[in-house]
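Input: structures, listed below.
Both of the next two complexes hold chain A, though its partner changes from chain B to chain C.
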Partner chain A sequence: MLAAACVLSVAVGSLSVPPGQVWQALSDPSVHTIAAEAVRSRVPRTVLGLLVGAALACSGAIMQGLTRNPLADPGILGINAGAAVAIVIAMAYIGLTSAAQYIWFALAGAGLAAGAVWAIGTGGRGHATPLRLALAGAVLAAVLTSFTQALLLPHAQLLQSFRSWQAGGIDGARFTQIEQVLPFFVIGAAMAACSGPTLNALALGDEIATGLGTHVGRARLFLAVAAVLLAATSTALAGPIGFVGLIVPHAVRAMVGADYRWVLAWCVVVGPLLLLVADVVGRVITRPADVQVGILTAIIGAPVFIGLLRTRRLGEL
Partner chain B sequence: MTDHEFSARGVSVGYGDRPVIGGLDLQVPAHRVGAIIGPNGCGKSTLLRTLSRQLRPSAGAVLLDGRAIHSMPTREVAKVLGLLPQSPTCPEGIVVEDLVSRGRTPHRGSFGRWTSADDEAIALALEETGTAELAERPVDELSGGQRQRVWIAMALAQQTDLLLLDEPTTFLDLAYQIDVLELLVRLNESRGTTIVMVLHDINLAARYCDWLAAMRDGTVRARGGPREVVDVETVREVFDLETVVIDDPVSGAPLVVPRGRAGRSAGERTAAREVPA
Partner chain C sequence: MSTGTLYAPRPVPGHDRELGAAGRSVRSRRRRRQLRWNLVVAGLALLVAALFLLSLCIGERTYSIAEVVQVIAGQHVPGASFGVGVLRLPRACGAVLAGAAFGVVGTCFQVLLRNTLASPDIIGVTAGANTAAVAGIILFGLSGLALTGLAVAGGLVTAVAIALLAWQGSGATSRLILVGIAAASMFDAATLWIMTRGSQWDIQAASRWLTGSLNGLSWASLAPLIGALLVGLPLVGLMSRQLGNLQLGDDVASGLGVRVSLTRAAIMLIGVVVLAAATATTGPIAFVSLLCGPIALNLVGAGHSSLLPAALVGAAMVLASDFIAAHLLLRSYPVGVVTGILGGLYLIVLLIRMGRRTRGSA
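So, the complex of A and B:
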């Protein structure tokens, strides 16, 4: 299914190309038809969709496991908003323009937001209940978003580029940009790949996790770094894309059960699938213009999430 | 099964600046079943949480084979010392076998391969707790008693020589309480596992344990076999309660029968009502 989504992603658009020509365009560099160029121009977009979809889904799964909070997601916990503020500051006051330049700002902003939400949610001591954490995240996201708007107001020329970035999109992807931030994806992915057993232990409560030989504080920090890295890198490249980090882990859990090793593995498949399908749908419904993928994931994601809420008991994880 | 020396030496613990336990010593006899008893707020759960390194003592140390467990690698401790807390979190939709298999965590690395030793440990844990036929069932569909057996099975899959349990019989009705305690005693006999638990019910503790430690105000007031600990004077000192201690007609262990603080039992009330008539 994911392979089919990839093919669709390079074939469909304002100029749709039949599968035979897609293959020809990708395999034979000497072909220079408009169709072939269209296909090739969509390859980076597809690659970015794969990366961002997997990163957001894994980041969401890790955040949900780390906080034992079914509502955790880079959007809800204010992490995307933190990255966004930092990126706007970088754009407006330092004049940075490419993802490779402001990735550090995105990471710092996301990390600070994550730390702030955790500090507010736990109130310095005691346990962070899912509700307190989600509320702290929502409040912080609201504050940061208004702050972002305030920063943008005197910078009219930034508004356009920021607005399309804020809607969340993988269009306009370039391999050079992807290459520059690829190391961050790789480190985040490597950290996510070995966090399954830790998440499984934490899922049983801090006491059992300790009893099973997990250093709970260190494990939380490691997982938070992995989740922030994946979320911030995705946000820097593609803007804040919502709902992928929230619904994909729930859908996967409904499919494969509670074992985080399997949940993470399947997030790498289902996350990109959702993102690419949403992106393709966005290209088709308002052809020849694009609807950005962040808008589509919200439109697809919201009813799916409401469905999950109604059919499944989303207790404390 | 190796003999592990496990003890608390001069342990003081507190939450914030409120001291709960002050300078407590406790030697845990190997291959025995023991219980910590005492009134609410006496520090018995805090002691168990300190013994299982959930809490760090402000003074003194918990020693495992002569080393302070709070400075040992936590995974190394987890191979010897198991813990079942009072209310563990059960992930939604998890099936019994998956939950029990998580007891193997300390024996495997981040990418640790599944070995036949893991399979055997899990199969044995399921069998010994009578939960083998529940293996494929979601844990949240089970009854309270079955669920507690599953958690014990998880602790057994960890294959530790020492097992600490915080009130393993709370929230269970009487039949399941007996069930769980008999299961633990059986495991102690078959595996030689050293068991320490916090128990609320002094009579069940006296019936099933080899030793008891009675706590009050953060110190151990009496320690020894049930006959040595459970007598009228100790119960008065620890629980502020007047009692009669008789022999349990079934097990022969001491059985505490409260007199009530001011003659408020039903029988005494009936007697009191009959007098003026």
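So, the complex of A and C:
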């Protein structure tokens, strides 16, 4: 299915290309038709969609395990917004232009936002109810978004380009940019790959996890760093995209059960699938203009979130 | 904003108990609380009046207070009649009205949902009104009363939808907040989508729906908001006692003779209409509805209705923020930028307080 989504992603757009020509364009560099160029220009976009989808889904899964909170998501908890405001500062006031430069700002912003949400949500008591955490995240995201807006207003020429970035999109992707931040994805993915057993232990509760030989504090820190790294890197490349990190882990858990090793592994497949399909849908519904994928994931994701709320008793949340 | 506290020292918890030991009657304490409430309201009203005059006097050209008073009294003063009467007066009135509306409605929501973070701009009602308003501007080319009506309808539909989706017997308020957060992000996405589709000119008009701005207010554009406030505020005022009883919990409130569901639905309904009318006039001025309730409560202390103080705090906040945004910064910003920064400061205060509380308990 993921392969099919990839093919769709390079084939469909304001100019649709039949699959046969897609293959021709990708395998034979000497073809220079419009269709072939269109297909080639869509390849980086697809690759970016794969990376970002996987990163966001894993980040969401880790956050849900870490906070023992089924409503955790880098978008809802304000972590994407933290990265976004830091990037805007870097672009507008320091004049950084490439993703490799401002990724450090994104990381710092996301880390600070995560710390702040955790502090407000738990009130320092170590365990937060989903309600408090989600509210803290929503308030923080709102504050940060209005900061972003304020920072942008004096820079009228940047405002337009930021608006589409702010909606969250994987259009305009280039391989050079992806290469620059690839190490961050790799480190994040490696950390996520190691975190399955830890998440399983934490899911049993702090006492049992300690009894099983897990250093709870250190494990939490490790997981938080992994989740923030993945979320910040995605935001640096594609803008703040919400709800992928929320929906995908739930869908995966419904398929493969609660073992986090499998959940994380499947997130790497299902996350990109959702993102690419949403992106393709966004290209088709308002041809020839694109709808940013972040807008679509929010419009698909919010009802899923509400559905989750309705199917569970609040005590279970 | 702190004028009130200067005259009415906040009671220290231990202090109260000592008073009881000294044999002071409940009545004297109640009287002191009433006195404090009166002082706070008077202080806030003075502050609003002072800020109102200040924002009328100072601008590109500065007019004397005498000139401004003459203009308000309806006399013709060359220059000032246009500068103050046509340009600044509607803007200042809009600030007062919108601030009061946001303050009252925010406080109502926070009390009803028993959560200081549950203001309408966080739980999706404002976002719904926004989306409707932006769609009205960009897709249907509306303005004026039709636009206000659409925003009100959007806010109402959103509120009802959130309530219906969240309604499942017990635990409804926390689920309401969570459903609202999801709805808010969905509507924000929809708003962005519509904005990216609009032409450059429409986006200019619609972009106030992202931050909130008092630019270009006229008497005609204020009319719907004035109407909504004239109907809505007295009704909320009438229900303020029931609202106070609801704060004690649903069971206690119904024991005190409050029809809980009916009251809650009625206050929410009025609140949404007033809020949407204000939003349609000025755009969502960030965080005013979130901040006013806690500030007013801190000023008057528990046990008294904080609706009127919250309205005054809101008016003062929007007036002051607009003045800062328009005149004191390097360039002129819309008012929402300053209130957004206030919201950030409030979050930091909240963080520090929570840190202190945990250190106290540990």
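What we mean here is this: the second predicted complex is superposed on the first by the 303 of 317 C-alpha atoms of A that agree within 3 Å, B and C clash if a C-alpha of one lies under 4 Å from a C-alpha of the other, contacts with A are read in each partner's own complex, and residues count from 1 in each chain.
Heads up, the rule we're going with is that a contact is a pair of C-beta atoms (placed from the backbone, for glycine too) under 8 Å apart; a residue touches a chain by one contact, two chains touch by 3 or more.
Computed from a prediction, not measured in an experiment: that's the story for all the values here.
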Which of chain B and chain C A:310 touches, first, second, both or neither: second
Contacts of A:200 with chain B and chain C, given as first, second, both or neither: first
Which partner reaches more residues of chain A (counting touched residues only), chain B or chain C: C
Which of chain B and chain C A:208 touches, first, second, both or neither: first
Which superposed partner A:286 touches (first chain B, second chain C, both, neither): second
Contacts on chain A seen with chain B and repeated with chain C across the two complexes: 313-315
Chain B residues touching chain A - in the complex, by the definition given at the top: 49, 52-54, 74-79, 81-85, 87-95, 98-99, 102-103, 105-106, 108, 110-112, 155, 158
List of chain A residues in touch with chain C within their complex: 71, 75-76, 116, 119-120, 123-125, 130-131, 134-136, 138-140, 142-143, 146-147, 149-150, 153-154, 163-164, 166-167, 242-243, 286, 289, 291-292, 294-295, 298-299, 301-303, 305-306, 309-310, 313-315
Sites on chain C touched by chain A in the complex: 115, 117-118, 121-122, 165-166, 168, 170-171, 174-175, 177-179, 181-186, 188-190, 192-193, 195-197, 210-211, 286-287, 290, 331, 333-334, 336-337, 340-341, 343-344, 347, 350-351, 354-355, 357-358
Contacting residues of chain A [partner chain B, same complex]: 68, 194, 197-198, 200-201, 203-208, 210-215, 253-254, 257-259, 312-317
